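Okay, so here's the structure we're looking at.
Every chain is named by a letter (A, B, C, D and E) in the order it is written, and numbering of its residues begins at 1.
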């Protein structure tokens, strides 16, 4: 193995980071839902793909440009998330046993995946626009236009969520309710409202991620699961409930995959990515970006 | 459990065990159906041990199931165990207790090795995600394992031994009952006490003299052992183990779902859940082949919304172990 | 202001309150005393909506609190410092205090309330950025009380607020209660520090295995030989 | 020091969290069958000291000796098996277990006994704290004060040589305090257990303990008989306020 | 059997292979419709032609479910005989259960190296070997003028059973034809980022790529190659490139890409063109697979007719060591192990259509210019 020239290294790093931001944007939504309800929302990937199909439908039938459809997908996602919470998770959120909501998420995943198959068929679908597969130069590095846009979407989404969580009282209430629902109600916080908001934002992010996915990748109803898995890894790397950490975790994952693909072999990317993930947890059991404490 | 319940359960087991002797019944679909129910029930029981009783949510059952399945297939197809005896007795590996136990042990060993670091460092959600990552690593290792693991295709075992489902059925039944009894005994012993204590409050448990890591790792390994047995049993049915099939996440998600539907932390729950859920899935597949996953998805959601404590807790008699 | 009538509460089949009636006049301090397990916490939890009574009525300024969610009741001006504190352990001291002022009304006056809380317990100011779960037991108790005052409640429910506080701080806390009382806050106090509680109480109820066994002004109860015998025994060696 | 030797001995124990010094060079000894009170203002470091002794925290500096043997850095469960049992300030019982099962944990694992023998020890311990009648109640359904008693029973059931009590009287009324004092005394006299006892109910401490240690801001500011402590100016300023009753 | 022949088929109606499964279902249904139009199949015992009824069971694209699907077909639906599902691992599972119940299982789309070691009596397979299949690109190169042959070919494959199987075959074929790969590395199935691989391919100065992967992965790879401004004159894909979606997703960027297939509607065999037209009429795109699935049913029907029965041993005798002349994949000759080889097809995408190059196509291969010159 010879060391690559600096520009190749830069090339690798930028493209890897852009690729990782895709995991990141999935992870941020997941992180929010996970952080509030301690729920591994395994269906997040399926929701992203569902959004991608909707983006495609808007484009094919109404001629709405995929990036412009962000203006539709985000509010639609928000509304859908609100409804999904109220309809499906409200009851389970009050249960001690968190497997219950995990399984509802699995049920939703089955349901969404197969509804998509029934409606759009199982074949690979794609959105083709004038800018599909076009490249841009950046810092002397050639990279993908849609991925760069995806990266911006990830940054913007994460930024907004962070502002919300850190700087608004409602954001803090979201975190409070996730920690102790009873105590939160005593503060006058309505846990279900707060959970629904978190869920709605999470699914709104899935809507945004759907735009990024639709413009960049071909997809099929089952393509989302891998996003869920990678997003979970990203999330744990960053530290559960830490939204910036989730994005950073995604980017780190993307970088690891790029470096492994380049320096070792594409066949080992997953194993090594998961290996690094486990190794990191061994040394920083609460993720890279959180400060733990223990007290009796 | 009331004594009366026990009598009913024992009677049910006897009836199930004798069922194949009923004339004409042998040739029915019921046996392959029940065989799969048993495989899932065993897996579910294993998961219930670590997650339901131990409180450590593992998302890695599929890894241990696959390790067990591979161990059986590799030992058999490579004849690593019985040497020249194999020529004399070509069926020696088929339902061979030694092979099966070794398959469980390999899974248990892997669980112990990975469990030591994971369980000493990771709590709750992080442990769950760690086990999920472990499952993926194992899978990639088998894909890249060269001739020994048969690479991406996997290993085939001699399927000519497969003539009837009866050994599968009886072994499945035996293991289902056996694991339930073993776990029931375990939970009544001092180890059960420790396991529950660790689940309820780890810090208090260690302050009261419990080696929490040891307890957790032992439970994790025992649960993996059970999953490995299920994998071995499955190999005797499917004869082909490949990374995509035996390390499929289905082997984790379905048993988990069955346990929760049946009732986590109960002995009967995993079995009940496996039976009911597999029946629902199977009927849906037969009657609405094009849409059945939608029905299955809905069933899971409805079950969770309206039966969150599980079937086994519907009647007060089936109390905790 | 608060009127509890014939309240019955059960945990599953086990009844904890058997027809309890109390009334709290606006602007007074009312103490509830009773032995371990008498049902004091249960009564407080029922008032703030955390438990659904089997029977009876709870009225706040004439409005029924039954069938209202706890957050709604909190919105009506009741703050409850629960037994066990109910802190958000993973959040910082400051964030906990801010959440105390979650109600829109209180939000506007967050700055002032924060200053007041810090003045009350300077230790909290020192620890503002520390996670609440890592505070010492007493510091946590201070935080729980301070957080409740952040919402500027009209009725403050304190369930054993002195637990874990050092004697000096207990004195301060009773002073704080008197101070809040002076400011017009109505206070419902469960306390095992019975002598002190009765001393500042305008009115008090004695709860005994889920029923009101006795009631009267604080002074009356302190003087009652039965109360003295059952709850105020002096340490003799 | 007691004539019959030292059970627990801390040598210059220091504990820091980041820049915060919570324990600052603490020396402390507890003799056999001695009942030592540990008092001090909120945040003085009392619970942290317990956490260091029971190895939940590793000390930044210093040593913990138990029965003459250095146990600094041992595993928490070993500490218990060596003979140190504790209760927690924020009560920690096993919520899905019955009272009896809770106590059995201490008896079986802490006591290292066989199950049958342990059952006896468990019954006795429940008897001692007066919870025998509630032996089959799941602890999630018990009141906080009952759980606190249960924790003591659980600790006693592990037949320790040293018992660390972290505010056992929190939330008890004076009558109940008197009963608890009885429990603590009997624990010491009937079982010969040494006790280190953190408490804010100063009068109880002063009446029962033979020796009282005072912490303030992580520093040991006093160590002596109750009479000495009550008269100590530093203690009055830092902790007691006006002379205690 | 009573007054009809019941044929069962596990098919991937749901799950990740549902796309292929739908094509398979379509082809099987066409074949059954056609045979029934022709009056059915002659059964000796009945003394007349009996109509065929097809029962499909979903296998969820999973091995365990193939097995239970067949248990169900045999035990509950009481089928007489079976048609296969799709892909090696699934068909191995299916064949084993069918063997146990002594129901004949007629397979296509499994690699012989996966099925042959099982030495089953009651199933037969026609498909191509990765071996000869992998020689196709080299055959094409051999026909090029010396200076147009690739100098630095690359092999990139997904790490699935099929990918690995094919990968090995490509390596062997390269050796045989005297080529060495300038780059040879798998990728993890489902990868979303190929930039590092592309960087490496660029650095290795690659001028031809043999790509084995799913449609989604291959499309992503192609798009990223374009984004990063990397193109090769010769790009030949397996599995991922033949499908209509490949063209849908890449539009005219799919031009010049060579692709494999099990079949081509331009085959000169009886019924091939008609079947292709039927498919196109219904789906508005062409297919390079339905012929193989259709032929699978054709072989089975003919075998039943020859045996005069659906009895597994009789059908075995009618297939093993026998020839079948009239199928849409051409003549099939089964060996004593029950395997028949079909050629792998190579076509080049041109304006949305597959143009047949190999075997015996009349389209001449066009090398791809750089992206900005297209």
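The rule is simple: contacts are C-beta pairs under 8 Å (C-beta built on N, C-alpha and C of every residue); 3 or more make two chains touch, one makes a residue touch a chain.
The chain list, named the UniProt way, goes like this: A = Branched-chain amino acid ABC transporter permease; B = ABC transporter permease; C = Branched-chain amino acid ABC transporter ATP-binding protein; D = ABC transporter ATP-binding protein.
The structure presented is a predicted model; accordingly, all values stated were derived computationally and were not measured.
Fewest steps needed to get from subunit B to subunit D, stepping only to touching chains, is 1. Contact with subunit B and subunit E alike is made by A. When chain centres are set by their Cα atoms, the one at the greatest distance from subunit A is D. At the far end from subunit C, in terms of centres built from Cα atoms, lies E. Per-chain CA centroids place subunit A at a distance of 43 Å from subunit C.
Rounded to whole angstrom units, the spacing between the C-alpha centres of subunit D and subunit E is 74. If you average the CA atoms of subunit B and of subunit C, the two centres end up 50 Å from each other.
In subunit B, the residues that reach two or more other chains under the touch definition are 140, 143-144, 203, 207, 290, 293. Annotation for subunit D: residues 47, 54, 56, 88-90, 92 touch two or more other chains. Taken residue by residue, subunit E touches two or more other chains at 14, 159, 188, whereas all remaining positions touch fewer. Residue ranges of subunit D in contact with subunit C, taken from their complex: 17, 39-48, 89-90, 141, 143-146, 166-167, 170-178, 181, 200, 202-204, 207-208, 239-241, 244. Against subunit D, the residues of subunit C that register as touching in their complex are 11, 14, 33, 35-37, 41, 83-84, 123, 134-139, 141-142, 160, 163-171, 192, 194-195, 230-235, 237. If you check the complex, the residues on subunit A that touch subunit B are 34, 38, 40, 88, 91-92, 95, 97-104, 106-111, 113-115, 118, 229, 232-233, 235-236, 240, 267-268, 270-271, 274-275, 277-278, 281-282, 285-287, 296. Listed in rising order, the residues of subunit E touching subunit B in the complex are 13-14, 56-58, 60, 62-65, 67-69, 71-72, 75-76, 88-89, 92-93, 96, 99-100, 114, 117-120, 159-165, 188. Interface residues of subunit D, counted against subunit B in their complex, comprise 54, 56, 75-77, 79-81, 85-86, 88, 92-97, 101, 104-106, 108-112, 115, 154-155, 158.
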